[in-house]
Each structure stands twice: as structure tokens, then as C-alpha cells.
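In this document, chain identifiers A, B, C and D correspond to the written order of the chains, with residue numbering beginning at 1 in each.
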Amino acid sequence: MGHNVYLPKPAKILEIKEEVGGVRPIKTFRTSFVDGAAFSYRCGQCAMLSVFGKGEVMISISSSPLDKDYLQFSILKTGRVTTALHEMEAGDIIGIRGPYGNGFPLEEWKGKQILFAGGGIGLAPLWGLVHMTLGQREDYGPLTLVYGARTSQDIVFRGELDDLKKKMTVHLSVDVAESGWNEFVGFVAQNVLDKKPSPQNSIAITCGPPIMIKTVIKALKDLNFEDGQIYTTVENKMKCGIGKCGRCNIGRHYVCKDGPVYSWAELKKLPQEY
Amino acid sequence: MDKILAKKDYSRWLEKLGSYRIFAPRKRDDVWNYEMVTAPDAERLEDVMTAVPAKGIVFPQREPFFEFAETDDGTRITEILPEGEPVVVFGVRPCEGRAVTLTDDVFGGEFEDHYYWKRRNATTLVGLSCGAPPSPNCFCLSVGGSPHSKEGLDLLLTDLGKTYYAEALTKKGEKLVLEGQKLFTAPGPEDRKAVDKIQAASRKKIRRELSRIENVPAKLRGMFDSPFWDDESMSCIRCGICTYLCPTCHCFDMADEVETSTPLLGKRVRTWDTCQFPDFTMHSSGHNPRPDKASRLRQRINHKFQYFVEVWQKYQCTGCGRCISLCPVGIDIIQVVEKVRDHGA
Amino acid sequence: MTEEFEPTIIAFLCKWCSSAGSDLAGVSRMEYPPNVTPIQVMCSGSVSPLYVFSAFHRGADGVLVSGCHPGDCHYIKGNYYARRKLSLVKKLLEYVGLEPERFQVSWVSAAEGQKYTRVIKDFVNELKPLGPQTKLRRSP
Amino acid sequence: MVNIDDLKTEAKRVLKGGNVKYIIGYGRASDTWKANPVFLRSPEDVDKLVWDPTCFHNLVRFLVDEKRRKAKEKPPDPRPVGIVAKGCDSRAIVVLLQEKFFERMDVFVLGVSCESTGMIDERKLAGKTAGKDVRRVAFGEDQKFVVETDAGTLEIAASEVLADRCLDCIANVPVISDHLLGDKTKRTVANPFRAVEKMESLSGDDRWSFWKDQLKKCIRCYACRSACPMCYCEECVVDTINFAVTAETSAEEKAQRIKWLEKSPVGSENVFYHLVRAIHLAGRCIDCGECERACPVNIPLRMLNKKLEKEAKELFGYDAGFDADQPALISCFRDGDPEDFIR
């Protein structure tokens, strides 16, 4: 028998960055395995993080597979385990097992222009992808990020977004007008419609709250994107992460193992069970 | 390897299996369940259906995965694998043997489940072919099984009145026969004939049938949003009987059981879980993709008669009838599936 | 010689009377056994049966609920409700076979430091011969 | 004798008049001898109704579902739901009225008297019909049940196969109804607490070893809770998640939720669960016995609830489910309540 699939490996928190404060805080955790082992994964894959004594939670890996020194997770404080994670400090030990899931089909996207449309914490699963494509810049066409949050205070990776603007097109938005905000005001879907990205030789990936995903997909369809050109990620409650415990399924698909990345062409064929 | 064992020698055989932990159905408070055999001389095999199926032996309701402890040297994680001591289960129904082949599929594959396989590999399943249906709700024939199916079993016993006809089906089964050595004799041609006769007769004794279900998977695909599920689930009380006691259901939960919090000491533990409990799929946000009884009944039926078929090309139901017999409100999977079959016809 | 068994007692003490009574015992330097882990509650009436079961479940050898004497409740009626509820809890625990000595209820006023020490002393003395409480103790 | 046609006529009348949303009653699927809950929506549906000694279920449990469903209706259908209720079931309705779970106008009660017998115990019947396939069970004359099997018809004295709950029943006639069927003669039971008294007479250690062995069997399927009309809490101590969670619930609140017990079906956790359930049913349990009937491993759960029923009666003169206007057992007190146990 090989490795015990349920056994997490101890990992140290190297650095914690507060992305968003308030009642729905987001923090970014950089971690590395205590034994120094490498962890190879694909963009869009997830890992099961353990806070011992509290439990496990499936989180998308927000670092790029090109960064070999650490694994990064951006986490919204939402329940028992994520609250415990938010209370941790650099140097603390968590458990990690994975990587899980299918990841983005980057091979198929070579040579295409890519639109990333994210909302709120939904930028986290896209973040590794953004950096991976930037890292292999010559493999892809123009890259565009459309990202929005409720307010400017809710924008994740704030500082890095400014840097990003030097490397690719970035359109930001906030839901309602606020003083000092010079970019788009409105929902992400409206911003997408406003910027009119061309579907020509394009791939669009959208990630965020369910209502945002729904509206962005509609906007993309209005802009003549085909179902097969649109990708999104799905989340469901998970425990095992390996398609055995039986709770995250959408039809025959276990999101943990067969997802979380789906093209809209695939997803629309599956029952609405997420 | 086919052999004959005189019934009077059955308990002597069990006595020779000292290196095994032996389980067999035992009746307590009017309920049959697999229990550890402590007095082999009192052993009898009967056509009974236990409440908890044999899956509980290879996939126990509670399985500690590892211990976590905060020590001076940091967090220590200690794997707790089952010891894998040899176990033999007597009186396994052929439908339960088939069910184990389905949990084998689930717990195998790319992510092999060490806990399951440690127990499974150490377990010898001794089936008892059903002379009479052990439950009025048996319907194994309808889902590809039979009262004398050999799938998943290591040894199959058939009751010939004064003797058992023993068919060793695997190396593990042969080993068990060898342990009993001289107690077993070679069968005569009349013995095999007797077995065939009993088996043919037992098929006819099965009263319940779920016929013409080839199109059910396709039917179910089209019925996801049907109000049918609301009607069918009206009487469901959302307990876990149908799934916990199903020999093929494998869903589980994982939780940290903390013994002391300072310093931290505890275990991560797997327990059975069920799609019939509302908290099974509920997100931390409170959003629940399967928020009502209708969607949960649909999940149970779809999993068994559509999703599992799509992934493994077989039904995730071996027709033991437990979910029918034990449902407090009489929800009958045969009738539900028949209605699906005839839906819109 | 083996060490004598020292029982652990969880005591739910109402803020207004029994907790003040225990404070009085303390500041008056009255001697009583150190076996008690007090938990201050707003009223004996606020002690859910769940708390009592949980204390035993988490390993208490004895559980005490103590409140104001009848008529003295800060919230007028809380201790009367407690009396009803806790009598049922006591009956139930005994019925499943827990030793009756292990669950006690007392009325101790803020002035009854002396009575508090007596209640605790008696409780500890009754628990000692019983040994550790294992029946309801958590043992997964 | 209850005339099933009378029940059908009344059910048809109210359905036809649109006076009720639907009726919860007993029916039977074609290939089983036991009754099942059925939900009648149109006058034609009333032919599904049956009344026999297998109408075990306490259908009041479905009024809990109805309340949840109604909360989501837009606009809410104000009509009552009809329900076929035996004596014990009617007491459950009284408790729910007492607890203001719903209003009297929300239910239309088709009361059915169990007369001089009651419902069978499946396991007891199996003992009497070993080797035979039961096809039907019917009420007979002289407190007998008529049992049709594949090997002929048997007459069995009710006392031999009646469920224990029915042998101990103190409400064979519904205590509340809008339409009452069957004989209204009240039956008296010499001592409904015999089993409890027998248990009490054992030593503490013997009682513990009894309950320890019984509760060890529990597989935590929660059928007892699920079958119980009183277990309507939105949030139960045994659940892993609080169902009252909304998008607005803060992470801290969710994180701080106390985990009282583990999901592991081991002795201590099972005992904890059943203690909590028993005490929560004190003064509320009306002894319909559904918890015990639903239990797949046959734990004598009634014996726990019955103990508190006995204490409520002896200590406080309280009987649950007869008077919707009396205050609930533990939300009232008397000056003279016993306090000999208090130091």
C-alpha cells in the first residue's frame, strides 16, 4: 500500500497577510511542509487544510505552481476551521493533504487570450492561474483581469493588484460608489459588459459568489462567448477530498475529485446541486 | 474446491479457527446482528437478515484515523491503522457479499483507503446461500444477484439438511477449509445435485421483484427536477435507517475528537454519515444544495440507480430489502424505482 | 499506602447567593476541601440539564447545583423552576444507574459561608468511597 | 367498531369543500400488510384510507414538516391540515398546542378511537406467526385480531400481540377531535408504570448495566428523534451544524457553537444523547412509543421516557397532552414542590 490518503502532513505557517478586515475578513497564509518536501500541483487544484482539534477544510491553492518554495492559501473566515486558522500565527503548524481536484486545462488554453473575472474571495482560486500564465507569458495571448468587491476595503491582494497592472490589463470595480474610487462602479458582470472582451480565440474563467458567477456567465453569453469557452469553479461541502465520503457530488461528479473546475458546457448539463 | 462438512462438525470446525476472530449472526432483544462468537459449540447457522449488514465489519461505524498531540517537539501525528488481525464472518448473505464488491470499488482506485483494505484483506467472508429468503423484502434477483451468488465471498456454504456443501471460492476460503482439514470430506455427485436443486428452489421463494429497470438510469436523468420527489418523500422522517443499514452505502463523516485541549490531544475519526441527514451537505454559510426531504430521497435513489451505474456500470443495490423492512414509515425502494420506471408512460 | 481518591466536583453556583456564599467562606478563611471547580451562573434556574450531563460526561465525579433559598431568588422564581427541573434530572440519573450521591442540589445564601463549607465537606466525604465516576464519562 | 366508510365520508366531505389543505392519514401500498402514512389531496384519494392494527405511526410528526413548509408558502395557505389521530396522537396535538407550535385552527382532527385494543407490535406478531407470511391484520371481535396469512387465517388475542405502549395506554379515545369515530368508552389501565417500577426495583449497578448494554446498541440513526412529534427543534445538540445558520451568522458564532458530544456511536456518547432526549421530553412525551417502534436495534426507549412521565405524575401531579391550557411541566412550579432532595 502507498501513502495513507487521510494523513495530513505537518506544514508551518511562514507568513500571514491580512487582506480584508471587518466582519468577513480574509487572510493569506504562506506555508511550507515541515519536512521540506515539495508538493507538485496544477493550477486550480485544492488542498485539505487541518487545524488539529477543529477539523479540515478544502481550500484552493492561490499560489502558482511555478513558486516551488511555498503553498499559499487565501481564506475567508467563515466557520469553525477557518476561524481557527484566522486565530493562528506565523510559526504555527497546520496539516495539509492533497492536491485534489482536476485543475484548469491550461494545455488547451495555449495561444488564447484569457479573461479572468473574479469577485470577492473568488480571486483566490484565480490568483495562482494569473501568476502561472504571467510566468509563461509567451504561451498565451492578451491577459485581462476583471475583479470586483463590495467596497474597496474588500479587495484582496490590493498591493499586488497595483503591480499586476504593469503586466496585464486589470479592471477593478466596487459595488457602490465611494469617495476616491476612480474605477468602475457596479457588479463584476456589468464591468465585463462594459469592457466588451472579444470572444475571438478567448477563454473566460469566472470565480466568486454563486450570484456573481451566474450573472457573469450571462454577460459572457451576451458577448457571444460559447459555453465551452467559459470556465468556473464549484464548491460544495467536503470531508474526504477524494470522492469517497459522498457529500459533494453534483450528479455523478464528485466536486472534490472530478471538479472543482468545469466549463460551462459541462456544468450546465449537470444538475443544479451546488 | 468443493467439500462436505457434517453439520455436527460445524462447531468443531469453528473451534479450530482459533487464530481468527469469528463473527456470526446472533439474536439479541429480537434483533439479529453480527457479533463476536465466544462459544463455538452454541453456533447454528440460519437464514436470517441482520439489522446491521456485514459491511460494519470491514467498514466499521467508527474508525479512528490518527492521533494528534501537541508535544514539546511540536505537533505529533500518529497513524492508527487497524491491526489487521484475521477475521472470519459466518452467515454472510450472498447479497452482502456482492455489496462488499461495491464498497471495494469505492474504497479502491486512485486513492486507496488503507483503513478499509487493512480490514478487508484480513476478513474472510463465509456466505450461507439462502434456502429461504431471510427477509420478506428480498429482491436480489432483480438487481443481478441471487440467493446463492458467490461474488465477494470467500467460501459459500449451502445447507443440505445434515451437511453443508462448502465451495471455497478464494485462497482465503481454501485456507479456512484447510484449517478444518479432516472434518471436510469430498462431495459425491448426489451432493452437487442436491445443491442445484436447493438453489433452483430458493430462487422461486423470493416474493418481491423489481423488473424492467434497464431504462431507470436514463429515466432518472430526466426526472431531477420532477415534483415526483416531493410526493414520494412526503412520508420520509429523515432518519438514517435506510442508509446506515444499507450494505452498499459508504458515505462518511470525519471529525476531530478532542480528549484534552491543553495540551492538545485527540483523534481524527471517521464515522458513518448519511445523505438523509440535513447537515450532510449544508455549507458553512447555511446554504444547502439538498435542503429538503425531496432532494435527499432523490439523492439516495439517484446514487443507487443512476450515478453509480454511470461510474461503475452496476446498481448500487443488492436487493437485501433492509431499507424497506426497517423504514419506520414504509418507504419502499422497489415501489419508488418502479414508479420512476413507469413515470410519464 | 495508596493515595486517597480525591473526587472532582463541578459546582454551578448562582451569582447572587451560593457564589457569594462560597466567597464568604473564602474570605472568612473557613476551611473546606479543594475539590470543587465552581462555575458561576446567573441563577440556578439557568442551569440546563445539559450542563449537568455534560459535566459528568467530561469527567466530573460529582455535580452540585446551588442557588438561593426559596423566596430569595434575585429573579423571584428562578430557583423554583430549578427545583422542578433538577428533581427530574436527579431521578433520571439515578434511574440509569448513576449513584444518587453524585448529583446534589443545595440552597446556600450569601450569608451561609459556613453552610457552603458543610455542603462541600459532606459531598466530598460521600464521593470518596464511590471512587471515580466512569459511567457517564466520555470514552470514545 | 370504527367504520372505515365513516372516516372516508368525512374525509371526502372536508376535501370536497376545500376546507382542508390535505389530509394526513393511513393507507397501504399494494404489496405490504402494514399501513403507511398517506397524504390525501383530492376527494378521490380517500379510497386509500385504511384503519387496522398496523396504523402505528404518530402522524402528528408530519405537522412539524407542514409548519416548515407553510413558512415558505407565498402567500401562505391559511387552511388547516386534516389528520387522522389515535388517542396518543391526539395528546401530541394537545402538547403542540400547549407549546403554541401551531394553533387549534391549523389542524382538523379526525379522531379515531382504538376502542378496547390498539396497535400490534410487529416483533410480537412475528413470534406468533413464525414461518407464515402475514397478508393482513384486522380488528376482530372480543379483543382479538384477525391475522390473514399465506397459511390461513388466525385469531390472536390482542393482549398477546399488542404493542407495550398500547397495553399501558391511558388515552384509547382521542382527547381532542373535530370528528370522532369509534367507541368512546374510556379504558382504564391498572398500572401504566409496571415496567418502570420493575426497573426501579433493581440495584443501581444493575440498572446501569441494563442501560449501558441497551444504549451500546444505538447506531445513532436518529430514527427515535425523527419519528417523534415533539422533537421539532431547529437545532439539536447532536447535529454537527446549526440549521438556523444564515448568510448573516458570523464566523465566530459558528466557531463557538458547543460540540456537546461526538458522532461516534460509543457508549458514553449514546448515553449522553439519550439522556438529553429523555429530559427534553419530560412532561412532553405522550407515550406514542414511536421512538421505540422506529428503533432498528430495539432499544426500549419508552422505558426512559416513561420514567419521567411517572415522576411528573407522582411529584407534580402532571399528565402531558390532556390540557392545552395548562402550563408546561417545567415552566411552572408550586410552592409545595418536593424539595427533600435539596441540602
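By our rule, a contact is a pair of C-beta atoms (placed from the backbone, for glycine too) under 8 Å apart; a residue touches a chain by one contact, two chains touch by 3 or more.
It should be emphasised that the depicted structure is a prediction, and the values quoted were computed from it without experimental measurement.
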item: Most remote chain, CA-based centroid, reference being subunit B; value: C
item: Between A-B and B-C, the pair with more C-beta contacts; value: A-B
item: Mean-CA-position distance for subunit C and subunit B (Å); value: 47
item: Centre distance in Å when subunit A and subunit C are each reduced to the mean of their C-alpha atoms; value: 52
item: CA centroid of subunit A to CA centroid of subunit B, Å; value: 39
item: Geometric centre distance via CA averages, subunit D-subunit C, whole Å; value: 35
item: Multi-chain contact sites of subunit D, meaning residues that touch two or more partners; value: 254, 262, 264, 266
item: Residues of subunit C whose C-beta touches two or more other chains; value: 140
item: Contacts with 2+ other chains: residues of subunit B; value: 62, 253, 255, 257, 269, 273, 282, 284-285
item: Chain contact graph, described as a line, ring, star, complete graph or other shape; value: other
item: Inter-chain touch pairs (all); value: A-B, A-D, B-C, B-D, C-D
item: Contact footprint of subunit D on subunit B as seen in their complex; value: 28-31, 33, 51-52, 61-62, 136, 207-208, 231, 234-235, 237-241, 244-245, 253, 255, 257, 269, 271-274, 277-279, 282, 284-287, 293, 326, 328-330, 332, 335
item: Residue numbers on subunit C that touch subunit B, as the complex places them; value: 140
item: Touching residues on subunit D, where the partner in the complex is subunit C; value: 199-200, 204-212, 237, 260-262, 264, 266-269, 271-272, 275-276, 278-279, 282, 304, 307-308, 311-312, 315-316, 329-333, 335, 337-339, 341-343
item: Residues of subunit A touching subunit D in the complex; value: 23-24, 77-80, 82-84, 86
item: Residues on subunit D engaged by subunit B in the complex (per definition of touch); value: 29, 31-32, 34-39, 57, 61-62, 65, 123, 133, 214, 217, 219-223, 225-227, 239-241, 243, 245-247, 249, 254, 262-266, 290, 293-294, 296-299
